[in-house]
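Below is one structure, written out as structure tokens, with a few remarks after it.
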Amino acid sequence: MIRHLLDGVPRRGIALLLVLLAILLAAPYLVGGYVLSVLFLILYFAYVGQAWNIMMGFAGQLSLGHSLYVGLGAYAAAALYVHFGISPWIGLGASIIISGFAGAVIGFLAFRFGVSGVYFAILTIAFAEFARIGFDHFAWVSGSSGLFLPVENYTENDFWNLRGSPAMFYYLMLAMTVAAFLLCHLLLKSRVGYYWLAIRESPEAAQALGINIFKYKMYAVVLSAAMTSLAGVVFAFYYNNLFPEQIFHISRSIELILGPIIGGVGTLVGPLVGAFLLTALAEGLRELMLQIGVEVPGVKQVFYGFCLLWVVMFLPDGVWPPLARLLGLHKTERED
Amino acid sequence: MSNSNHSSRRGISRRTFATGVAAAGIIAGSAPFNIVRAQAKSLKVGVLLPRSGVQAGIGQDCHRGVEITAGVLKELGLPSLEIMNGDTETNVDVARSRAERLIADGAQLLVGAFDSGQSTAIAQVAEQRGIPYVINIAAAPPITEQGYKFVFRNFPTAPMILTDAFANQLEIFKIAGTAPKTAVFMHVNDTFGTAMQKGFTGVMSKFTMPYKVVETISYDPAARDLSVEVAKAKATGADSLIMVSRLNDAILLTRELVKQRWSPTAVLSMGPGWYEDQYLKTLGKLSDGPMSFVPWYDPNKKVSKLLEKALAKAHPGINLNTNHVYTFEALLVAADAFKRAGTADPQKLADAIRATNITDNVSTGPGIQFNAKGQNDKLKNSAIQNRGGKLVAIAPASASNAKPELPMKPYDKR
Amino acid sequence: MGLPIEIYLNVAASGLLTGLVYGLMALGLSVIFGVVRVVNFAHGEMMTVGMYVAILAFATLGIDPLVMMVPIAAVLFVFGYLLQTGLINPFINRPEHSQFMLLVAVALILVNLQLIVFGPDSQGVRTSYSFDSYAIGPLIIDASKVYAALAAVAVAAALFAFFRFTLLGKAIRACADNYHGALVVGLNVKHLYALTFGLGTACVGAAGAMLVAITDVTPTIGPAYTLLAFVIVITGGLGSMPGALLGGVLIGVTEALGGLLFTPSAKSMFAFGILVLVLLFRPQGILGRKLS
Amino acid sequence: MTAFLQIDNLSKSFSGLKAVQDVSFTVPKGEIVGLIGPNGAGKTTCFNLIAGVYKPDQGTVTLGGRSIGGWRPDQICLAGVGRTFQIVKPFAGLSVLENVIVGALKASPSVTEARGKAKSVLERLGLWHKRNQQASELTLPERKRLEVARALATEPQILLLDEVMAGLRPTEMDTMVSVFRELNASSGLTILMIEHVMRAVMSLSKKVVVLNYGQVIAAGTPDEVTRDPAVLECYLGEEAL
């Protein structure tokens, strides 16, 4: 198993990953609450970015409505906890089923009718918006007045009910990110991974090679949706309040796909690098504004926009592929 | 009141951060916790407001309240506050990490954040770090029902706003000698709007109101066009309109009322929008008449006059409103507690806030006190009316400076 | 419900008129996609630029927004032309997510520049006819909406004429039909693409000027209009010009009647509902050409 | 000699234009059959009907006794039909090896085994030294060979080749011809090939079917066909062999 995992990965890459992991594991003991909260955000976006990347980066289906799955996952687990006191570890089952089902419905409808490309992207937005307005009127989860989770304590970590300190959430998010990374790594080396890439590159050719493209696209959507829903569960229990206006909003969908696009669509490390760069960039720009004494709201976002523009213009494949070459980590010869 | 160089102690680490995008930069960016909490002459207060993003308008308006605070506190003989600003960008992620950042930079007390979702996120940080947090505006009841020890709210909850609104309406109808018979209740379908809608029927049943609500209409906060809503309301034949709205929709609704040629005898608003400067400015003489039943200030109080003066100086032409008043009062609570505690120690500061008893304040009612949950339950709301581009307080009698005008002048006769 | 029939007529008329203005806005998006094959994710943000210019002109010079429509369209034409040549052209053959990213960045910059320059408060204009309405029997029709809708129809007609009858318009259509063919016969495709993008942004600028007469603007309103434009063009048929207008009217009337029959707060659900149905049963849109 | 692939009365029209009209022919098991005709004769449409890209308006396609008309392309591939595309469709972002692995996975239980198969196919087609290059970096003749390699990796019983010789240099073409001849001889692979390069068709095929305007105008051995006046008139006249 381990040999299989490491197969084909350059040694330097493994070493770098281990160092990074060690730093991330030690972080709560080294840094204060602020940096920890930023690191949490980075991991959060790295995780959802990875989940989105399965659908877009691997299988080539552009989803611009991933906030749908975050929101469904968050609401499912939170509602079960608030109404019945059901632990999120059980509730996440419901999250996975509901989000996976939503993904399956969207995928089924779209792929059956040959909706793809821009049309598919806009269909995903439409479903997310549909959910946003629907949840605004969904009284069982308090509609637009928001669903609040009871906050009990911060001193003791109740892992079973996900009540506790930021460090607990940080480690949970770290574990999820690592798991998602390893899962994607394994997937890419498996039959389904090869098939996804083939579908992404040329659906016609893939089909001519015996690949049931409908089936494999469905796998990608359902898996991506289910994984994304878990991020929603963490979101709900971390922030302890949910508003449809916020969680299903299209700006959330955009936010969570910027990371993998900037980092490198279809690469394993891309979502990680992208989430790190974007969060650090946002925080760095805020600090820069403070340092130079600019206190006009909106200036930071303008600079942020220009940075995005620059990256997308000059690094069309994202930051990671050229960075990997720079670090000597690009794909090595796999065969003898 | 500048935040650009409030902390030279942290200057180096901040610069490291600004330059570093690398992991090392992030990790070195902040020392573990705030080890030194010196007995400073002034209190460091982190103010978190949504000054960009969707709520930028309100956030920036609240910020005007921050700007005029320093002078007023000085006149009241209270210690000065060192303000550190944080923009939440109308985003709960940013609200949380900004709160952490301000605490890491030495904030000893937090104030903010207008929105219920962002306030909840900040409240959790404050509670975890043991830093007192005074909410300026946020009406969702659950925030003070969580058993927090460090979170205080000097703003009424939705049921409180409703109770006072009905009481004030009865008072006004009595003075005016007339009252509407039927009403349509229209509310925006957002956090505040639904909180109000939920309490509406229950609270109303405790009063004997002269009017009957014939229809309830909820509409989308992002609505671009409200002609359907007004057409629907008009079709009920009701003679008055009860509103819970925001600014943009209040303007849109008024335009539609005029265009669809429907002049209710009264517009009774229980939320923002109808009294705001932009409403008055955009609609001119068509803005006259609506009454707002809102958390307001008592124009007869001494500090109110100071605040009005300070605002007129800093921002001529802008009327003092809820956003300024409650943001100011949150800072007033901070300065008062700091004076009594004599220390910035968060625990002692929180104890001092819990023992707050400010009678020399701005908002309507007996003053500022907090109950065991950290809620000021003594707050009273006012009724105000738009008159010629200005706002007058018309109820309760003890906090008013004008008589109500009812019925409202029809739109086509102006 | 027992509502009198004239309420339905009133609401439908109002939906129809606003729908035409929305249709013009969406027409810009459709023209751009139909030729350049780039989805303008900053469409609503570009419209707010037009809205702010109209407000500025009205506040400082007192020019009526419907008059300002022409200069605003010209300004946005230049903006669109430059944007296409300078920024978007290298992205034409890049994958969709890359184009999406580029325009999201443009949108982010536009929104926040507007926030900095114009402030966060909503702004509008009050023309002499701002609050007028026509009473036709039991119908009460908003005067501003009538003028805006008429202007929208006029602009759309001019655009149709341009594409149908002028040489340049025909060249652009040739370009859209067969990119390589156009190259082979020696058309300056880059210039034609930029022209098209300019025309698209000019449309949306004109629509913005009209919309100012109907509603107010805040810097953050852009994304909602971008989304609306998507819904309209996909419903009507992406790339089809009559489709955009038809989609606008359809969405406008559906939202209005849906709001009347059910709860108004859920009225945009009806628009999305129609979009989903169209995508599922006629992915190319009502008037769209079959997907290749 | 049994008919392995049997086409009966196949018709297909696109918005009124009759692309393929009442076409019937058979491909016997283990043989190499050429499908020729001038441009626009309906050859590729015919291929797409067999491979399942289009559904026939009329007629049947029978493979080894089973009717496969109206099946999806992937089902037809699983039934034993491998194909190449006239306009090559490589998985541009993947390496040459990965391209072929995708094909080899059809008949392999594991990726490791698929890799092994891909290796032997690549070696056979002389692309092994290019295995780590991205498919997008290949020259056109190389891409054509990659198409063949990918299709071969699915271990088909019948291979549909759509102009794979186009653009090859004579020596490259000879290699290709010998590869097909050897495959046909060693494993009994049946081949149906569309080809413009007559030298390749004539040297490989035992049987040639000629299409013009969507209809079969002649069928027989290369010799017979080349002597057919109808064929000469419509087609061979311009291709001075």
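Each chain gets a letter, A, B, C and D, in the order it is written, and its residues are counted from 1.
Keep in mind that, in the parts below, contacts are C-beta pairs under 8 Å (C-beta built on N, C-alpha and C of every residue); 3 or more make two chains touch, one makes a residue touch a chain.
If you're wondering where the values come from, they're calculated on a predicted model, not measured in any experiment.
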Looking at A-B and B-C, which one has the bigger number of contacting C-beta pairs? A-B
Centre-of-Cα separation between chain D and chain C, whole angstrom: 49
Between chain B and chain D, what is the separation of their C-alpha centroids in Å? 74
Which integer distance in Å separates the CA centroid of chain B from that of chain C? 36
Residues within chain B bordering two or more other chains: 52, 56, 59-60, 189, 220
Per-residue overlap in chain D, given as positions that touch at least 2 other chains: none
Junction residues of chain C - those touching two or more other chains: 112, 115, 120, 219, 263, 265-266, 268
Can you work out from the touch definition every pair of chains that touches here? A-B, A-C, A-D, B-C
Provide the residue numbers of chain A that touch chain D in the complex, in ascending order. 189-191, 194-195, 197-198, 200-202, 204-213, 266, 331, 333-335
Which residues of chain B touch chain C once you look at their complex with the stated criterion? 52-54, 56-57, 59-60, 189, 217-220, 222-229, 231-232, 235, 247-248, 251-252, 255, 258-261, 278, 282-284, 286, 411
Can you list the residues on chain A that touch chain C in the complex? 56, 62, 64, 109-110, 113-115, 117-119, 121-123, 125-127, 129-130, 133-134, 136-137, 250-251, 254, 257-258, 261-262, 265, 296-299, 301-302, 304-306, 308-309, 312-313, 316
In their complex, what parts of chain D are in touch with chain A? 51, 53, 72-74, 77-78, 83, 85, 89-95, 97-98, 101-103, 105-106, 111, 115, 119, 131-132, 150-151, 154
For the complex, which residues does chain A have touching chain B? 20, 23, 27, 30-39, 41, 133, 136-137, 142-146, 148, 150-152, 154, 165-166, 239-241, 243, 245-246, 276-277, 280-281, 283-284, 286-288, 290-291, 293, 295, 297-298, 300-301
